[in-house]
């Protein structure tokens, strides 16, 4: 599905939609380029684009099939970049990934979106409002998109950080919870983020440090800015991974302590019942000669003795922190 | 055992089987090559091939013995590639590996298969249906085989992912299972995959980025496509390895919690029996003066008291989540 | 907010404050430079500086927003360095980070501070007292600041070391404590330090080993001295990370041992009560013919037997170390 | 002790033993070299060799003292290679290491053996039976020895693999064993293998890929074959290391589960005794008015009730899997 | 404090002590150099040396302050090497570190020692007894010192190995010990050794493989010999680190098994008492019609039954390995 298709001349949008059939004209001179946005195109839809712009069949296959790992490739002067978009769904504590596959030529940029992606329409609007930046050509568009996608990783990390904070609170709280499943699922998400974002560092580094076709030197330090933000995000993710490993171990300690405390408490109560039971057993014996049995206050005295024993044990257990 | 042996001319199969004795002719000009497929050849069978094509004795030894790690070697203009094929046997949750040992010369490709391999006959059929691709020579055949083998890794990963999902469900379910053996065996498989697939990344990288004999530049980006898929598979495998480590730890927590719950439950019931037992012991004492014993409703009153005590304890334990 | 702004000529401070409007004059010859210190400037405040000195907009954006990871960038002959300052708050056992963003040109140095930073006023005073060093230009100022910031990491490490020592003492003491939360929180801080300090090693290495604009060779070995100290701090931090992992595991062992000892103790007491209870039960049976019941000293004999049994058990348990 | 010393001319052994005093003659032309084998020589014995062949004193010191890590050094045109031989002692499940220290010059090879080594006499016999290979000079001898030593690592790995298999079977069997000590000792062996074999990879890589004195290019791919085998062994060792870590954790889970099952079983039986004990206590009370006591079939009824209670509990516990 | 100061000419010590004031003369020709040994000099003492020899102020600061990490620096033709000396204190199982800071110029070597160091006086004596070696100049002295310091690491490793052996024996012995604290403290020492020795590998590698001022090529292979020994020590240390991690985990398993055995034993005894208690309770009931009570041998029969029950349980528990 074509989302938008426009031609820009010296940074200004030419009125109306450019049609796919114009793409092949290839007569655009300096400062003119086409920006085509597609959403999950079929192989048929895309083959038209591919033919018009002379895209490499392998990259085109990827654009239609998606499910690629982030990468940057160069096919005869055309850059082909794959990256993941991410969104955090806080209620289920899962990260949803989309995919962008971008072709950048001297006079065109084709952006294929799969799944939930960042708000690319806003990027287009922002760039159209800044003709000077747009006049730098397709690389400026590429930067605009990358900057947005990487900025959109920040709320994902914030959401995960938040939930790790909640999990830590649960682990170290006094209420007997066992968030082991939640910890594990968060770790799973963190590993997913690692797999989706990690491989993008290298492409961004190449964009920001190597001379590449279609990327004017002036744009390079802009890519370095994006690279910075991405590296920060990936480092935070590594920290989270480490924290979740530790919190899993800390949780095991807490859970085991809490349960042993329960067992100890019950055992202490049983022990407190055992002694008076023994005393009662003694005076339940049927010996002929048990002088205490004949005493007038034998019974209350024994009851009192039982109470004293229990109380003494109770205070001892309390002092030991067992009850 | 010879599986198939054919000569191709400008991408078209020449009728009939080529015989081994033709191999040595070496009079093929541009665009002609032989594709020989062998299955677990004996040393005798293979020495004939080796002599006809002038293969290096060390590589030939490997081809007969198999059990090599994946590697790419170059012996005087001949590429020698070793790789593992993989198949997931879901009922036993084990990965079965086969081995391919491939010699690629300017005008021949020899494919030696050991164990269960990918469907190479299909690759041959597909390529024969695409003469243009086949006309690129032996390197195109090599790509066709590699693409298939690496594509066949995907169902292996899917099968393992699936089983990890089942294991996670078991660990976090409420029924008291202990899938520790299954987790461990999956980890063993994941380590096996790591060892079988990991060393192939470097040969594929060299095929996709370095000028190598017998590999025309036009084929190189096709190898990069295969490399991409392989790297994705190996990264997924690393994630699985990490997940299985975490799920083993999470399982320990769950198992220990579940068992402590059982113990606590039994202990709580024992504690509930201990108090009325004590009361009964008290009224079993043989003191002469125990006024309660003479009361008309002493017995039912004590029974009622016991019931109240038990009920109170029961409600307390229930509220604490112990029963 | 402007903290201080002065012009230096051959290492000597020119009287009074330099005004921002002077910055743009750019007529300073050899040995003259301006040192401008800012605290959390607004975008408006900073845009004036940026225009006067021709700073790159991306670096300027960072300077205003902060929350960057440490890095060194070069924009047309201007160095841009980001680094973290650190302070250990011992009562809460947390590390507080500030941020410095520094622009170094041929004739200026701009230092932007965010959050609690090291005592930069002292650095200025020390340098003004040493005109020879100051005469080396902005790079000498950069070194003075870096040296101070990195020296200020030492008390942070000392504080954490200290607290790890306390935690170790708690884990291996005989009093029943469980410092699992404290261990975990220290690990969290250590990971935070890793993230804040680790990325600074590379910029310092480049300052100390590569020819960079605005850094005269004579200053380079001074940066190596700072790099040394930084590497020592980061290695200590890695050791602490490892220690905390081990102490968490050791704590689990200790806690579990301590609790099992409690359980064993209670169980032993219960076992000691069980045997006399059984004896009492035996003599509470109502058989017609139980000769012991008629004995004159049956009752005291049984009591004595009970005492002997309990004492024997007690001595056995004590010898086994269970009580 | 001199094991054997022979001179070879064009691959053929010259009759008899060469004497040490011949070594220094240095008049051998092309295709003649001496192969000297020594077993744990004393410093005196070796100094004679050293002087005759002009070996470097440091290497000579190593040859006498042994206990070196594997390494390859070049002293003025002489290769000096140190490597470990390994043998698995299955009954004690330990790996025994020997050491070979080899000097390779243009016209000599000196092999010093310490401890139990591979069967070098067989290597000599094999090579003497293949004069063509031997005619390649000392490097061919070096290859023959390395090939044998590395091939001898395979049974070591097989033995360890085997024992890991036995340990896994023990961990996951239903009989209550705790092979923690065996797991740990195997891990110790695996770490020992890592230390003994790991450092040899680099020397073999240099032998197989760099031009080195005394190694003709034709021999280089033979060293690559040995390198392949060595890398396979070291990767297998890494896998084993990983497996033993996991099996240790899995064993902890199994042991803890098995013991909790025992505890639960005993507790369940105690609980089953507690309820009829309570009932007996109730009817042991001495109240005047307990109508059941007068019933004709009160006693058998109560006995039956006790049996029913026990049976019900028994079936409940059995259904819960506690007994 | 000056320990010794001597001038050497062609390897021979010139009579008497050289005075500090001679140092600055700088008229020594080929084959003459001064070897100055200092122990924890004050800033004042050292500034004299620094001025006389033209040492760099930063290195001089390090020499006085010490607490540096091992490193090698070159300041205008002067080598500056920092390294740690180590000594194992077996009773406390701690490693004590000292520090050497060495300046090597064309005609001088200055050795500053902090804390307990290796026996440098012996090194001097050995070298003075070997004038040929000493005639190689300051680099030969540097080698002599490094060789001694690194050789002195061996007993440290031996001591730690030993104590790990003792710890293993304790973990796997049948006596109920819990050496968790000792394991942890050994790990702490091993991490300390890692930090003190690890950074020295790179300086030694540079000394043994790069052309450096003041190091004649003939001495380089001697440094490689020292490097070998150092690498062996660091690898052994890594193995120990790994072993201690595993032994900590194995200890947890052993401790938990041993304690559960105790609990199981006590529980089994309690269970053995519970059944006869129940029987006694039954015959303590007050039913009018309990025929057994009237039997002549009811009482001994019940006692016998109790004994049989206990014995049966005892044999069952013994067979299960619970008692």
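Each chain gets a letter, A, B, C, D and E, in the order it is written, and its residues are counted from 1.
FYI, a contact is a pair of C-beta atoms (placed from the backbone, for glycine too) under 8 Å apart; a residue touches a chain by one contact, two chains touch by 3 or more.
Nothing here was measured: the structure is a model prediction, and the numbers come from that model.
A.B. asks: Kindly list the shared contact partners of chain C and chain D, in label order.
C.D. replies: Intersection of chain C and chain D contact lists gives E.
A.B. asks: Taking the mean of the CA coordinates per chain, how far is chain B from chain E in Å?
C.D. replies: Distance between chain centres, rounded to whole Å: 41 Å.
A.B. asks: Just give me the whole-number Å value for how far the CA centre of chain A lies from that of chain B.
C.D. replies: Taking the mean C-alpha position of each chain, the two centres sit 25 Å apart.
A.B. asks: Counting only residues that touch at least two other chains, what does the list for chain C look like?
C.D. replies: 249, 252, 256, 260, 263, 267, 270, 274, 277, 281, 284-286, 290
A.B. asks: Taking the touch definition from the header, please name the shape of the chain graph: line, ring, star, complete or other.
C.D. replies: ring
A.B. asks: Please trace the ring of touching chains beginning with chain A, moving first to chain B, and write out the chain order.
C.D. replies: If we begin at chain A and move next to chain B, the sequence is A, B, D, E, C.
A.B. asks: Which of the residues in chain A come into contact with chain B in the complex?
C.D. replies: 56, 58, 62, 68-69, 71, 73, 75, 176, 178, 180-181, 183-184, 187-188, 191-192, 194-195, 199, 245, 248-249, 251-252, 255-256, 259-260, 262-263, 266-267, 269-270, 273-274, 276-277, 280-281, 283-286, 290, 292-299, 302-303, 306
A.B. asks: Sort out for me which residues of chain E touch chain D in the complex.
C.D. replies: 168, 172, 221-222, 224-225, 228, 231-232, 235-236, 239, 242-243, 246-247, 249-250, 252-254, 256-257, 260-261, 263-264, 267-268, 270-271, 274-275, 277-278, 281-282, 284-290, 320-322
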